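Right after this note come the structures.
In what comes next, chain A is part of two complexes: it sits with chain B in the first one and with chain C in the second one.
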Partner chain A sequence: MRNRRKRPVIKTHKKLSELVAEKKAGERSSFQVSSEADDYKSQEKQVKEGELSPSLEFNVSRINKLLGNPTDLIIREFEFELEQKVTATLMYLEEMNDTQLLSEFILEPLMNLSSEKQSSPVPVGHALHYIKQNALALGKVQDVETEEELLEALLAGLSILLIEGNKKGLKLGTTGGKMRNIEEPASEVVIRGPREAFTESIKTNLSLIRRKVKSPDLRVERFEVGEITKTDLAIVYLENIVNPLIVKEIKERIEQVKTDGVLETGQLEEFIQDETVTVFPQVMSTERPDVVVGNLLEGRVGILVNGTPFSLIAPAQFIQFFQSSEDYYMRYDISTFLRILRFSVFIISLIAPSIYIALTTFHQAMIPTTLLFGIAAQREGVPFPAIAEALVMEITFEILREAGIRMPRAVGVAVSIVGALVLGQAAVQAGLVSPAMVIVVGITAVASFAIPSFAVATSARLLRFPLMIISSIFGFYGLTLGLIVIVAHLTSLRSFGVPYLSPFAPIQIQDLKDSLLRYPISHLFKRPVNLAKQNATRTDPYQVKKKREEETTR
Partner chain B sequence: MKSYKIDLQQYFILIILFELGSAILVGLGMDAGRDAWIAILFGMVAGMILFSGYYFLYKQFPDLSLTQYVQVLFGKHIGKIFGFCYMLYFLYLAARVLRDFGSLLLSAVFVQTPIIVVNTLMIATIVYVLKLGFEVLVRTGEIFFVLVALLGVILTVLVLSADLMDFNYLLPIFGEGVMPVLKAAFPVTPTFPFGEMVVFTMLLPYLKVKNRNKALKIGLLGMGVSGFVLSTTIAMDIAVLGGHVATHVYFPLLAAVAKINIGEFIQRLDAIVVFTLIIGGFFKVAVFLYVSVKAAQDVFGVKEETSIIGPIGVVVILSSIAIASNYVEHINEGLNIVPDFIHIPFQAVLPALFIIVFLLRKKKLKHFASSSSS
Partner chain C sequence: MKVLKCFIPFSLCLLILTGCWDQNELDELSIVMGIGINLDNKGHLIVTYQVVNPTTVAPGLMGEGGGKQPIFTVYESKGKNLMEATRNASKETSRRLFFAHARMLVFSEKLAKKNIYEALDMMSRDPEVRSTIQVLIARNTTPSKILRTFTAIDKVTSDEVTAILNITEQNWGENVQQDINEVLQSIINEGGEPLINGIELTGDKDLAVTSRNYEVGEPARVKLSGMGVFKKGKLKGWLDGPNARGVLWLKGKIKSTVVTVPCNNNKKGYAIEVVRSNTELSASTKGDVPTIDVKVFPETNIAETNCSVNLQDPSEIVKIEKEFNNVIQKEIMKTVKAAQGYNSDILGFGELLYRENPKKWNHMYKKKYNRVFPEIKVQVKVDSRIRRSGIRTSPFLFDKKIENKEEVDSS
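Up next is the complex of A and B:
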């Protein structure tokens, strides 16, 4: 044991010493840089803080110093010919740029420049403008004037071109590097519907949306969030449909986000949601572009964040979490059936154990006599009250579920085998729980998996426990009051000013057609009342229908 | 929160939940025996007349609640005394209804639980909801109204299909003449639950401005529908249980529904009745509690209504225990003392007085109204 213990200690020691050595070396190198910079002290005085100097060497060393001599920063010096020989430097972060682009469209044309081809000799001071106009065969070429801007561009994966004698530089859109391909959605699988999902790249995601909506009213506005990560964020909406107040509110909230970094929309969600003390999601998240577009058409706003395939949709209503994009692609009858099913499933996963507890503890009279005898016989050998039985089983299930997610695939099988034993026959035979309880827990578990939205399934998961406890003390009375509290809480919620429980409370008859029910698409000619106030009517389907009828009669 | 306005369907739903809340539970007008359902209809008509009176006052002061306009009618000091009395009245009603429900639950489900525990849980829920705002209460009402209506329809269908009803129990109509029915109908049935619409004198100012003209129409419609439901429910109870049994059971509806037994599977549905009654009771107590909070706010000049909801809730819990030493006493008070000495003064006499005073001081008040509006 001792030996074992000692070893890692030595190891860390070594590491520490290495670290110290590295740190010293780093300090030395920075010292060197600063001593180099000393030579330009006279220049530095001329150059204002944060501005670029005409001296190429000075600029490069400054940037190198600011970034801490990164190994992946490529600095390529080269010369080209204008009026005279000009030195230039191309800088980029290696893995974030497309090297082929750089060599073919920047280095090659520039190095091939010669004074003979030019109609009149170009002075060095105009070099930047000249090559921008004539030599760089790239779409995205912009001026950089300050150091800060330059660094930002460099870190965002652009390449920088600096030219001796110019107080400006150029940033070149040569972003490249490896990214995941567009794949099928992993968490929102549909049988019928588009098979593409968002990726981690915000550019790809925006292109997916643009391709679906060819409307000039589609607006994309960019933001940057996270003081350190400077994550790209974009909101998309259709200007002719959306309620401008909601857009304004969303923008304001996003601008107010102050944090170190945003890595996932989930973090953003917590910043922009209306109410923090709640288990219900107030913003919807999806990884399907068609869902985002569908919601844009209803007057909602999409929020995309770079680095995550999950986008947010705001404002969200409770009922949306029971709708799937597929509902609109299938026939209305089956969609309505499925929506009602999903909602019942939510109710089941919320209160099934509580009902079992209330029935067996207080309201035995409600159980049909024969069944009552059966349950009583099963519970005869069980030493615990129903609530203890239920809590044990539910918590075991939650443990298994969590274990199943975190386990490596290979071990996952073991978990499911052990789980089946614990949650099944063995527990019953050991006399810990009654078979009826196993069924109840099983139904609850399956039901919670049938809810299309993971976020709402989690709220049911969390609320299940307090409801179980209160119904073990007060039976159906406690359960009813618990449900009243939940409904009241839901009605008090708002998502960006829109009542969370609309169209049920307050009742909006028109919107009820696309809530738990889904009327045929041709009947859904109104957009949601709260969202699209300025442009409430969709393209009228009846005109299309009439036209078709006329044509066929001819 | 004060700026929140309710629209007509919310107003309608609130009336129905409020009227049916506890009335559907107890044997209403049972002194009339098998003609109780007719007594209810008489009571409803009388209640509607009372409501028209409240509406008249509301029309004169569309932005003010009862406890506010008595201060205009009588001046600040006397007005505040009237307001204080009304506050006590609403508090007392909240406590009474709460006691009704506590007793029901004790007799139906929790035989050994102390009533204060049951009542406290109810008030805790109400206080939570009211703290979220009146708006939340109304919207919650919308959702549960649909649920309760659905359950009501299902229960009715089950009672019909279980073949429990014998309409001969209802015959002969007016077997002992009209007088016993009228005697049974007055004064109890107009005052409870229809006369309790007096609480809406506090809530009508919440109506949206554009809906004000329809306040009377929708109000009477709501009362009509709830009167009809109450009357058919009682008729159903009598047809199932027989006139004699129905008059002597504390909770006839519960007894009637308990008889449902279809195929040895659907039986003992009284728990579902209890569920709908809890919801109805919840809304009734919540409305009374909220109204007394509003009254207290006007009388004592409290700025934030949320700050006094909790304390008033505690008062209601304690008084619901203190008003009677047992259920029989509670019911006796409710049938014999409360209507004559409490309901009639507050529901009919005082509003009538207000109307008279208003008519007498009309000119002076008009001056006030015009000056306050400008």
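Up next is the complex of A and C:
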């Protein structure tokens, strides 16, 4: 430690801090020189720190100063007539507001105000109240009292109306500007089902959910996360279904998030998840409103973040990542088949290369004789051991995959052509790998794409490599050990207090009906036990029928 | 994190210290398909290994790996016992011999006549050799010649032989698959002795070992021939033809076969196809000499008729059934006589007696089974059913006759 202090690095650091201090001092002095600053100084005594002053000019200049004279801040001064002429200023950030709205519903009615129309002359001090009641043809109009509030509103895309002689201002909900339209989901395509996806705007997203659930029990609670970005965040749940403890937990975790900014739900996910050292996702993310609503109905909580089309669903169970919203829209038989298929596909993408390695290096006796000849003949002349061959191929595939995602579309074709060479016949003919390995890598790749959830496909993708290495050392014995460790780890996980492997571990017989299997909808009249304790029964078709029959007999 | 950091050196140690001990890359293995065991004049074992060259056998890779390579190659080594010989072979093999896919174990007649127990022990003790390996005896030839023979259809001799065994068991029933497990089982059984398939070379024996063998029209072939009868681990003699089939009738192992049944004056008679067959064995241990009741229930079809018989007539069918029963009964009795002649309980009667009356077996029969077995009375009852007669009922020979008769009548 002592040595460290002697290092010159610290010296420069001191210099830097000195520099900063000097700069600050310089700025202060420049304030004092200018006449504007004098004004500011004198006024400061009258107005309390952070509050708005009745002086329009002072307010405007101060806001301008605070924002650093931004070029996109529009300051429109105008006058309107009450008892006497009143000066007002409309301030807004360009492109974040609907200019048509501003001119039609704010500027126009205000400028057309005349004292003749008024029953009794309005004093300037009441101007704000008067125009709020009479002139502004807008839904969202609220008072602003402090400077901080004003800035926040301005930056959130509201416009601000300040009136000379009033200590308050008005913030006007004229948010607008260009937004992406509601489009088809890009990452969760279904054949049958709604074709709308969330957008970057949290308002649009909330409206999409509201439109699907016309229940008074739908609760939307707003938060703000990110010390700098102040990102809007909303949690959505159905109050009559959800377990209040889970909501409480989620709220607490969100409130504890302390970070500079949240740009995507993925960042939020890392803050609120239960366990950090794991490859498995503990929160589900989706860009489909119908998925969110479906989960709300099961007693889960949706988390929306402004600026991203991906919403979070918590708590999440492992089995959910193998379910697609389409499962509930198609017949139950095919849904069950597909779910089992997807799970097998997960297993394949996890262990297919490991099985190949273990079989060819340890358990040759388990390969059917004819196939053994085939594989042995292919291995003939391949210079690397099976594990090296497998690792090279898998990593090559990962490279291609990564390249394919980042490539501009015009170059993408080149990637697939070259990729086919590297991963295909050419590599085999060059004697680098055996054809069987190409097939194994191929099936692994295809399998990993067949998992509906990208998040869980990623965990299989990561776990594949340690499993390959362990099975190259210990064969099936090692592979089995590895799988046991994975299952043990999965069992230890929890998502917001709910066991990750439920309904399998701990076993919940009722919930098994909608896990790897999908019973007909009419049989699924219980909500997941862990999630909806207070309201466990869904609308039971039989009960409803009974009720109706009773009514008709009366 | 602390725990994780502790694990890192620990797991690195794991990588270095353990594992990999039984790891073999596929291209470091010689896949042995057949094993032959012979005796030389000094009494040492000569062990022959048929090793496949996968590049020439693998589907879709023909000609790629160098066209002139042989399909398989044969190594031979000597040793006082089998293990010694096996390890001795490493002096000439470039890769580790891998036995898990061996299909066939061939003993020479010379060895079989001396003793097969020693060789069987190592084969059944080795974890790599599968218990489904077929055991055979090279009849009138040596294992080394059998294993060197090039075959036409299946590329590897051992494959071909096991396939032949399978096919003939299902279609003809004079040989039955005898893997090492079954051989051992029949030795362990009370009083039991093994019965092992024989295999011989037919055709031009000099041509057999050259790759030209499958290029000529009349190649040397491997052919199953009879089953060897053992007594205390020594080959005593052979059961051939119907005699061998009798064993299968007795053991209820007949899957399908064809039996010729003579009709009135015609030796060709009917060909009766057995579709399935059941055998019930029961023993009675009253008295000094045990008796064994054999009941056989074959279900059959008429596959061929060389007599003019009206098959639509049920009484005719009953007649044929009776004839058939006689034939089978004689066949079984002949086998029993032969086995009793060799005084070798290949039929599993000892085990049957033991199960029927263990006390009596242990006290009375076991010690003097040598004297008891030839005396055992066997009663055979065959109850067959003819179910179908193919897609025809009466033979056209018969139709003609009727027509002729009608003509005679009308004229």
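Just so we're on the same page, the second predicted complex is superposed on the first by the 505 of 554 C-alpha atoms of A that agree within 3 Å, B and C clash if a C-alpha of one lies under 4 Å from a C-alpha of the other, contacts with A are read in each partner's own complex, and residues count from 1 in each chain.
Throughout what follows, a contact is a pair of C-beta atoms (placed from the backbone, for glycine too) under 8 Å apart; a residue touches a chain by one contact, two chains touch by 3 or more.
For clarity, every value in this text was computed on a predicted model and none was experimentally measured.
Peer 1: Which partner does A:R379 reach: the first (chain B), the second (chain C), both, or neither?
Peer 2: Touch status of A:R379: second partner only.
Peer 1: Which holds for A:S207: it touches chain B only (first), chain C only (second), both, or neither?
Peer 2: In the superposition, A:S207 contacts neither chain B nor chain C.
Peer 1: Output check: A:F476 vs chain B and chain C. Expected answer is one of first, second, both, neither. What do you get?
Peer 2: A:F476 contacts chain B only, not chain C.
Peer 1: For A:A505, select first, second, both or neither according to whether it touches chain B, chain C, the two together, or no partner.
Peer 2: first
Peer 1: After the superposition on A, what does A:Q100 contact: first (chain B), second (chain C), both or neither?
Peer 2: The answer is neither, since A:Q100 touches no partner chain.
Peer 1: Could you say whether A:A365 touches chain B, chain C, both of them, or neither, answering first, second, both or neither?
Peer 2: both
Peer 1: Mind working out whether A:H489 is in touch with chain B, chain C, both or neither, as first, second, both or neither?
Peer 2: Only chain B; A:H489 stays clear of chain C.
Peer 1: Both chain B and chain C touch chain A; at which residues?
Peer 2: Residues 362, 365, 369-370, 474-475, 478, which sit in both footprints.
Peer 1: Could you pull out which chain B residues touch chain A in their complex?
Peer 2: 7, 9-10, 105, 109-110, 118, 121-122, 125, 128-129, 132-133, 135-137, 139-140, 142-144, 146, 264-265, 267-269, 271, 274-275, 278-279, 282
Peer 1: Which residues of chain C touch chain A in their complex?
Peer 2: Listed in rising order, the residues are 4, 14-15, 18-20, 22-27, 29, 31, 52, 54-55, 57-61, 65, 98, 100-101, 103, 128, 130, 159.
Peer 1: What does chain A use to touch chain C in their complex?
Peer 2: Residues 277, 360-362, 364-365, 369-370, 372-382, 385-386, 472-475, 478 of chain A touch chain C in their complex.
Peer 1: Applying the document's contact rule, which stretches of chain A touch chain B when the two form their complex?
Peer 2: 362-363, 365-366, 368-370, 474-478, 480-481, 484-485, 487-489, 491-492, 499, 501, 504-507
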